[in-house]
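Order as written gives the chain letters A, B and C; numbering starts at 1 within each chain.
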């Protein structure tokens, strides 16, 4: 009952947002609202701002005027799958690296002391700025028999953004057991590995899950941004830019890949949510959101 | 046992600063590590004659930073302005929305899917359509991207803070027959303040990152992002990295300033 | 704020008058009868303790008097007016088991909080908080913050806060429950002195039999599920509550009363443990 009510109200919320958009589109001033020579509300001309139903309708129409062009929806779907694929691989690499780093830091105090400040610091600075700078790696590098492609560069950027939250979250989790539990383990005469598996890893779960969620979101953002700055075609990032550029007389088209981006983000979050469900028995102890 | 767990939970969920006890090793170890990494980087690049498009040597990057100081600073100014306006606008809207959501339950429930979507979606993907909506020649779209990115952590943290009011404080206010505004002023807002600052601290970094990467998606030149891409396009990689250094300094500046503001507000809040 | 109570009118208007009060908590599956037809009168200046096992409704009864909760049936009068009006008129001061101090305000700022909320000027507020800090012996901590105080000191600040508006009625919900035994006995003695000085009536919820007996004129013994008053034990043989000293803890009368309260508490285990379903 309350659940149904929640879903209903959520739906009302989304519709209300769409309603505000369409009302503004219909009745707002054509040149937007300007305060102190800065436009604070958008233009409402047909070229600048489509109605919400036009955005949705555009999804069902062919993506280009070419005769065998697929629908915009299937083009967006393909691009989303492509982006999701790269993001997933990048995320997995990032998670593995992050977990290993956290283990290293939890085992050796010196490692934690020298690495952690940098890891924390890295989260506060826009390291994603280097994305355009690995662009030529794709053309020029090959490591052994492994061909370094642009997709590899994008994946590395995604992995790079994904590993920070995992490293920090996992470390906090591994260090979270209460002193009494650790004392209990030493009283049992249990070694580091056994107490890692029986105590530290399970108690890190509540810390790890939000970190995984954050890192999945970061991987998606990293992939989309890197696709744009490395000019990798096929994914949602490049599509966002291309559709916006080619959509001079077709403003609804530019919105199509945005639905794709929303979808990719939701699927990634949903996937981490499933992991959370699987690990539910370990989520009982106190943990941050 | 249970008591211990709840106390632990209380401690863990409390808004906290990323500053722990400092010792000599805690100061020295990361500095040593940083110097070693920089040194290795320099040595490897020189020894193996690595091309600058793979990665330039730290010395070359530093040379470009000093040679193009004025350009880097002005690019930092452009991106920093967008980030700052976005941060302030997003923070104000975020706090206001959280106050509304905590007061009116229906609004809270209506906002759930929108907030959930915004928190997992690469908001910067909105940049191109924002350029169409607001015009590609102005910075409004970048400010908006920064503001929307800021909105979510500020909203979520503030909302959480507003819900931390303890039962005993609520009872006390009822016993004093305090009016709704009095309750907000004397209990609700002070309780939420540290959480608001936690949100702001996360948001300050996000604002810079978002303002910067929004530049990769188009718009006028002048900012750090555009400078990085154009330097990379003309294969001047050390210069591009010089702008990256500018971006790092800018991000740190935002973080440190919010941290200092937070610290000055957070004395005696630990009990 | 409230009417001045002279011995002559003392019995005319009682501090608390609870008549036929029921409180039923209804959840989705079941109903819990927290209070069942409770009648209680507390005279002005009288110290009455509520004692009983967990779930007997003693805290619920106190919350009804404070108008933090509303009875399902029956009537609660405070100084002859409905509980709600008494709350709006600020006729009582209240203290809980948790001190509930605002961590961001100084000790003095916490004591002045109710005065500030009710529009008392800053000079008068400062004078009053200085007076109260003196009373609870914490003058040198006026500018400290609660996190710098021990639990006992925090509780003393909470009591000073409850006294800020010179209420003629104090409602105290296990205020010493979280303190160690030594601090507790000292605080009890302090409370006796405060009552003697202010002449306030007190409704005091506690788990401790000696505490209830030492402090009270009358001890109300309650039983759980449904919450009922089993008996009211008169502690008058120990002398008036406002004149108790540490020697009274060793008095023979004290042990007699403790024994009687204990008898009543333990004499009703059968009905005490029976769960009461919805009628």
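Quick note on the criterion: a contact is a pair of C-beta atoms (placed from the backbone, for glycine too) under 8 Å apart; a residue touches a chain by one contact, two chains touch by 3 or more.
All of these numbers come straight from a predicted model, not from anything done at the bench.
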item	value
Chain at the geometric heart of the assembly (C-alpha centres)	B
Maximum inter-chain contact count - chain pair	A-B
Approximate Å spacing (C-alpha centroids) for the pair chain A, chain C	55
For chain B paired with chain C, centre-to-centre distance based on mean C-alpha positions, whole Å	49
Distance from the mean Cα position of chain B to that of chain A, given in whole angstrom	16
Touching residues on chain C, where the partner in the complex is chain B	63, 66-68, 87-88, 90, 92, 94, 96, 98, 100-104, 113-114, 116-118, 145-147
Residue numbers on chain B that touch chain A, as the complex places them	4-6, 8-10, 12-13, 18, 25-26, 29-30, 32-34, 51, 53-54, 106, 109-114, 116-117, 119-122, 124-126, 128-135, 138, 140, 160, 205, 208-209, 212-213, 216-218, 224-225, 228-229, 232, 237, 240-241, 243-244, 247-248, 250-252, 254-255
Residues of chain B touching chain C in the complex	166, 168-169, 171-172, 174-178, 182, 186-187, 190, 267-271
In the complex, chain A residues that touch chain B	5-6, 9-14, 16-17, 32, 38-40, 42-43, 47-49, 110, 113-118, 120-121, 123-133, 135-137, 140-141, 176, 178, 180, 216-217, 220-221, 224-225, 228-229, 236-237, 240-241, 243-245, 247, 251, 254-255, 257-258, 261-262, 264-266, 268-269, 285-289
